[in-house]
Amino acid sequence: MGSLRSTHPTNPRFPERPPVYAVEVSDHIMVAHSFRGEVFGPAQRLHGATFAVSAAFMADTLDANGIVVDIGRAFEVLRQVLAPLNYRNLDDIPAFKSVNTTTEFLTRHVFDGLATAAKNGELGRDGHEIGAIRVTVAESPTARAWYEGALWQR
Amino acid sequence: MGSLRSTHPTNPRFPERPPVYAVEVSDHIMVAHSFRGEVFGPAQRLHGATFAVSAAFMADTLDANGIVVDIGRAFEVLRQVLAPLNYRNLDDIPAFKSVNTTTEFLTRHVFDGLATAAKNGELGRDGHEIGAIRVTVAESPTARAWYEGALWQR
Amino acid sequence: MGSLRSTHPTNPRFPERPPVYAVEVSDHIMVAHSFRGEVFGPAQRLHGATFAVSAAFMADTLDANGIVVDIGRAFEVLRQVLAPLNYRNLDDIPAFKSVNTTTEFLTRHVFDGLATAAKNGELGRDGHEIGAIRVTVAESPTARAWYEGALWQR
Amino acid sequence: MGSLRSTHPTNPRFPERPPVYAVEVSDHIMVAHSFRGEVFGPAQRLHGATFAVSAAFMADTLDANGIVVDIGRAFEVLRQVLAPLNYRNLDDIPAFKSVNTTTEFLTRHVFDGLATAAKNGELGRDGHEIGAIRVTVAESPTARAWYEGALWQR
Amino acid sequence: MGSLRSTHPTNPRFPERPPVYAVEVSDHIMVAHSFRGEVFGPAQRLHGATFAVSAAFMADTLDANGIVVDIGRAFEVLRQVLAPLNYRNLDDIPAFKSVNTTTEFLTRHVFDGLATAAKNGELGRDGHEIGAIRVTVAESPTARAWYEGALWQR
Amino acid sequence: MGSLRSTHPTNPRFPERPPVYAVEVSDHIMVAHSFRGEVFGPAQRLHGATFAVSAAFMADTLDANGIVVDIGRAFEVLRQVLAPLNYRNLDDIPAFKSVNTTTEFLTRHVFDGLATAAKNGELGRDGHEIGAIRVTVAESPTARAWYEGALWQR
């Protein structure tokens, strides 16, 4: 292929990204909450949402079983992170007192819970082999948010 | 076709249903509420939901324009019926004080609002030409409810 | 069960409907068209749509193979009915000259083509054993129409 | 309303259907199987499917809590009916030895399990108040089947 | 954590990506158009499409309200960018005379409109805090395209 | 814009990514298989899945026709890569004897087939202009995997 490449160099502007494998599992919660700030308009009132939450675990290699992580444990860990929020009024949760529990905020909250579990090996794989996590939260058929972050800094 | 039918009679058990045309439009609301009754378990707590609501209008004929109802008006009427609920805590709405605002209850509540509008001609067609309405409300990726009723009694 | 029924009579208002089996296959077409009539507002202009079309074939019994109809033939018949419309400006099709090719109209047009094929045995089953067909056409994420009719009159 | 009706009689051809409430819950199974019969083509080989299964319970009234059935029990009953099939080769299940486990067949198999549970009151409501059940099974993004039947005969 | 990392170094090939927050809103348009070039086959004829358009706005931090951008403004800006195309024959739009209005082309066209609005602060946040935009356009249930680009060059 | 940038420097932590265009097409297969390893629990038994497979082709520029690749060829190439797996028991395929044909594994298997085709120009564009491919495989409504890799190394 070398000769081809010398005459057809790849465009140097294309993003250089190592390969990534991902496995994503989904669940949902049903919560009430309200927001502070004029930007939220009617959502400043107490209202609610069904949040459909997807958690993607990323790695650059598969393990000896041919998987990114144990999908059964991924479902369990996601459920454990979501359980304290499900069927709750988020305004009543002490840890959320000083923040707006926006869809964006929740993507990060879930990410943090999953990252801790992943680092602790709760997904059935050495946490150092998991490179990143992306959490996607859909609040309605027309709006969603996500947060993607690396588990480890170099 | 008569001769065919005499030798291959159709199964008399198949439901005899006149033809039906339907047009369905969709919207959604984000509300808080709580339920009374042990059957609801954790949903007795104040929580919330994104309700994806679809309204289907049925008729046995199309009008002169080739439509069941004016789809633009159908969207408007649905929005008008949903507006008083959107971004609200349903527990605070006086008309709902003595009921559980279950997904099933809401299908009927929306039906009643749409039926009134349809009977009043607000969909751009003589209400007597609209035979039935079905309202479907999805509360999550795995659960939904619907209510279907005729507009007129014979 | 008789004794139970005499003390707990079923509600006589519940619709008495014989059992129905259905198999539904889906395809799509991409067409241009325009409408005549003020009710259509901006859709009077030449515009277009991706129509996602589902065809459901209904029967009150399965055949000896355990199917309603041959699903492979169902896909083929649906494709044949849709082919003359795909990648076309419907305004240019002579058979449609005097009508508005609304989503509702198309549900019936597709129904008629499928009904003819079903009656002719093109679905791999005696057409008299197919009781009804429902055609659903989605024009967008928020709007769709359907037409359901019996194949045979009693 | 009487005077209106005398001048605008409703079309007598529109299907007379009493109102229906429905609640539908969804789950899925992952199975292997093969079919006997030329009509199945390549599906005569051992292959598999993810079956997304929805169970709709219908009634003409809501109970005192404002629900059709206890949705939590509906999920449980559906899971119990599906569990013996999940992660199985259906060809190995004795009860299925002499049949093709088509998508249509499975809609009825699941219906029968749910109907028994509903009649036994396992959904938290007197079974006589549940009028019908519809089971929908999607085998792929483009094909699905359903079976709908009444629970009780009149 | 330092000691863990010294014995379990993270794989240096995993892509180093700073964290990203995104908010995505969706809308749709219905247009007619035709393409020039043999590669397009039957799509060289005048046809049409429903384009489901999603716009994702990305940032590496949330603002003081806990959001990426004002989601209400995001919907408005997307609608403004799409409005001149909706219910149109794209072949008649002067700015598109010399191009094929492919799904890919439209992802970039929408991106450019959104990027200008974002840079001008029309999303309710200093445009410099918005890092990138991704526009996804689905033309059918089986085909879609997207364009993702940074708002600012370093 | 220079003066703006000097006073509002963009956050240097935002990922620097050149623009990317992508076109994605979808298809599905229905297969049987089993897994080896306790981590798989009940999935160690012979079972099956409908795998919904999406293939996204990425480039940093559109070609002269305004496309990433010929979408018709993209569908064909994807079908060719999937055909040897469809309606099969993957346990019987010699090339898969020593591996677990997990969803993750299949994302890479499909990627490899598509990458070869893309490099060989089978998508109607010089393969060097295609930068990367992402293959997404959904195994159920709640779980999916993807693999994304560059076609060429620098």
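By letter and in written order, the chains are A, B, C, D, E and F; residue numbering begins at 1 in each of them.
Everything that follows uses one rule, which is that a contact is a pair of C-beta atoms (placed from the backbone, for glycine too) under 8 Å apart; a residue touches a chain by one contact, two chains touch by 3 or more.
Computed from a predicted model, the values in this text were never measured in an experiment.
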- Item | Chain pair repeating A-E, as identified from A-F, A-B or D-F when over half of the contact pairs by residue number coincide | A-F
- Query: Any idea if subunit C and subunit D meet via the same residues, over half in common, or different ones?
  - Reply: different
- Chain-centre distance (mean CA atoms) for subunit B and subunit D, in whole Å, is 21
- Where subunit A and subunit D are represented by their mean Cα positions, the distance between them in whole Å: 34
- Message: At least two partner chains per residue is the criterion; list those residues in subunit A.
- Response: 17-18, 20, 26, 141-142
- Task: Within their complex, state which residues of subunit E touch subunit A.
- Result: 4-5, 8-27, 62, 65-68, 70-72, 75, 124
- Query: In their shared complex, at which residues does subunit E touch subunit C?
  - Reply: 26, 28, 30-33, 42-43, 45-52, 86-89, 139-142
- Message: Quick check on the complex: what are the subunit A residues that touch subunit E?
- Response: 17-18, 20, 35, 37, 39-41, 59-61, 99-105, 107-108, 126, 128-129, 131-132, 141-150, 152, 154
